[in-house]
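One chain, subunit A, links the two complexes that follow: it is found with subunit B in the first and with subunit C in the second.
And then the complex of A and B:
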């Protein structure tokens, strides 16, 4: 339903353009949960903001974002407002600041409904109560009159989700929805998102750096590194048999309870700066399986055994060269 | 129903604040005086009795008389109307225009911000009284024109405060969340951003009333504002400046009247700020 084709985002700055997202393509099916995983600065959030049309003015966007075949990037601001909240919605990382402190939560949910639908305030309020009920807030008819500061972080995130669901969007983008919450609440919110995904029949794009969360809820995973997708595979395949050296490294660095280790594994080196990317593969300087060709040219995203990979190890031309 | 209960809550919180209630009572009294001041004054505020200049406060003239033998008590009462309207109208003008312009500059940023704020800087660069005189030269004489001129002159102050607050408020995620929901820019500015920066605007506005009254006095002193012999507090203060040592009562009473008005608006504004903030409300 949502197709992202060759999306590139660059930010123009005084010293030149910084390419935050480079040639990203992926699809989100009708009832899929797709996780986008990557380190800070890998371009996860920028890609999602591009889909929402919320990037700053100095952003240069190339490629296509197709929602049911319609290219969102060709829409003007007014047409885009129709899409936002109505067809695609988004929840944020920080529930403490993502609700307006001077408005009652019920009014905020109503506003989200009334922006896109012509119904009376009373009906909207009824819907708000139902929504709060469906995101698991107790006594929703009383809670609609609360101000955000009267709620806990977990409840605010639930309200935020209720607001995002107000117009039954087709796609929900969740930008690290559980990062700011404590672990028990994290599990509840993820469960909630999973349940709503089924009951509202919507696709979810889950942006996170928590691989544990991904394993539990996602259907498919896109691993991003330096603004590019390096591996795109079904969750089971990815965890059982990671192929890209970066994905391997990521999975390796998760501490396990059944292993006794002195030191945790980590990937050597640091993420290169987006202004100063290596000539070849962006991961080459840190890659344990780096080959000569990796330092010279950039691999393309190719299909290999039902998944997409951006690594020369899996390019047919280089097979003979493997170590 | 929702709305009523919010208003009720604001009032509930305000009525518990003693300072704010005192301020409100004083403002109500001043407003009543403004309406009926002329009829309860013991003397004609413009009648001059040259045989009784500089009479110190006594039973007959409780605030004494001024350099022309006019009863100061009557003049203070009758001046309430002009001073109060001048303060309120001038502040309303600068507040409304300043807030809209500042919010636009802060929210839109870029070229809009650049153009608006440079115009504001130009207005700030010229001393405000000089600018007011320039406006009056264009508009003509009279107290109504003076009010407009004073209102226009203080727009940049409000614009700067509002722009700064909008800039910092814009960074909050709830503003982005509001955009995600598909809200129009105008809704975001007026419903999401402005209510959150109301406190700084209110405080500035209550202080602005006093500046407006004094500025009117300055214009009156130059013969551009209120025309003699009409009574106006700032004008009375300005004209009796030279008698500060031999007849201090000519300054003290109009001065007190200005102070009391400003204090009342300040206390009310302070209470209003707390009452409008849901977090401070009990």
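And then the complex of A and C:
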């Protein structure tokens, strides 16, 4: 349903352009939960903001974002307004800062409904109460009159979700929805997102850095590193048999509850700065399987055994011979 | 390992929320309530709990940043740190050091790394600049920084490197115990592994004792020898780590462990979803704090006052009415 093709985002700054997202392509099917994982600065949030058309003016966007075949990047601001919040909506990481502190939560949800639909304020308020009920807020008819500061973090995130669902979107983008929450509340919210995914029949793009959350809810995973997708595979495939050295390292380096390890695996070095990317593969300086070719040229995203990989190790045999 | 470095006895910290006309408190927030624990030499004790459960407050009381409302903090030489005046207390700061969560906020941006690490040395009266320089250089080596980093400012470093600077600063005093307050929560997974391994190595090398405070249960399991679980200002269960993770007894620990997402898509475990959220720690009623959310609640839990400790197996303590 949503196709992202060769998306690149650069931010123009005094010192030059910072390429936050480079040549990202992936699809989101009708009833899929797709997770995008990566460390901070890997470009996962920037890609989703590009889909929502929420990037700052100094951003230079290339490529195509197709929603049911329509290219969103060709739309002007007014046309985009039709899509945003209506067909695609987003929930953000910080439920504390993304709600308006001076408005009652009911009014904030109504605002989203009234922007897209011609119904009366009273009807909209009725819908808001229903929505709060469906996201599991107790006594919703009283809670609509609350201000955000009267609610706890978990409640606020539920309000954010209710607001995002207001127009029954086809796609929900959840940008680190549970990072600011405690584990027991995180479990509640993730369960809620999964339930709504089924009952509202919408696709979900889940952006997170927590590989545990991904394993529990997602169908497919895109792993991002330095603004590029390095591996895109089904959840079970990726966790059972990670192929890209970065994915392997990432999975190895999390401390696990169900296993005992004397020492954690470490990926050496640090993420390179986006102004100063290496000439070859961005992961080459930290890669345990680095080859000569990796230092010189950048690998393309190729298909290999049902998954997409950006690594010379898995390029066709002819290139493999250069090892 | 049976010598306690620090003993906490019925430690409490209350914050006054409201006072009446005469300045008497009418409403108190019980951040830490009746906290009793021994931390032994050479161990890493992990303290977990959700935000607002008081785990950082315990750490800050041990480090002397908060003065306890009541209770005792007995240091290994027998002194009760809670009773000391601020001036006497300072002498013990050498023995107890802190590593903070946010490596961006805990380093002075106007000081060079060398000055940051050397500052505690100067504070305890070292004046020989050669000695201070050598010690600083040695400490930086220990945490994996090179000596050309000395003249740089904190903003020139990445998050993981800054955390290393913070660790070097804590090590400078040769402390007996280091309180690590969420040292890796702000770091990315790959960097987190580097810092955790470093903390592990340093513990062996300098035979350190850690009080490791974190909310990430997997991180705590990796680094700790014993783990304690806190809920609303009270310790509810503690045991040796494998015992606690494999055989949790307190309903809250069970729920907490089942809520951790596991990076294994095939393991579909029974998840215990707790209803509701943490209730307010302001003026809590004198009964089990968890009984509003407990899924194994019995009638007696509502009636009885706070539960006391039961030893369910050697070294495994639970504070819950179900076991009494």
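Criterion: the second predicted complex is superposed on the first by the 310 of 323 C-alpha atoms of A that agree within 3 Å, B and C clash if a C-alpha of one lies under 4 Å from a C-alpha of the other, contacts with A are read in each partner's own complex, and residues count from 1 in each chain.
Just so we're on the same page, contacts are C-beta pairs under 8 Å (C-beta built on N, C-alpha and C of every residue); 3 or more make two chains touch, one makes a residue touch a chain.
Nothing here was measured: the structure is a model prediction, and the numbers come from that model.
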| query | Sharing subunit A, do subunit B and subunit C clash or fit in the superposition? | reply | fit
| After lining up the shared chain so the two structures overlap, which partner does A:152 touch, if you call subunit B first and subunit C second: first, second, both or neither? | second
| request: Considering only the touch criterion stated at the top, classify A:81 as touching first (subunit B), second (subunit C), both, or neither. | output: first
| message | I'd like to know which partner A:71 touches here: subunit B for first, subunit C for second, both or neither. | response | neither
| said: If we overlay the two complexes on their shared chain A, which of subunit B and subunit C does A:297 touch? Say first, second, both or neither. | reply: neither
| Once the two structures are placed together by chain A, how many degrees is the angle at subunit A between subunit B and subunit C, based on Cα centres and rounded to a multiple of 10? | 80
| note | For subunit B against subunit C after superposition, the smallest C-alpha distance in Å amounts to 15
| message | After overlaying the two complexes on chain A, where does the subunit B footprint on subunit A coincide with the subunit C footprint? | response | none
| message | Considering only the defined contacts, which subunit B positions touch subunit A in the complex? | response | 2, 5-6, 109-110, 172-174, 176-184, 187, 191-192, 195-196, 276-279
| note | Residue set of subunit C touching subunit A in the complex reads 50-51, 158, 160-161, 188-194, 196-197, 200, 215, 217-219, 221-223, 242, 245, 255-267, 271, 273-274, 277-278
| note | The residues of subunit A that touch subunit C in their complex are 39-40, 152, 154-155, 182-188, 190-191, 209-216, 235-236, 239-240, 249-251, 253-258, 260-261, 263-267, 270-271
| In their complex, what parts of subunit A are in touch with subunit B? | 52, 54, 57, 81-86, 89-90, 92-94, 97-104, 106-107, 111-112, 115-116, 125, 145, 147, 149, 160, 163-164, 166
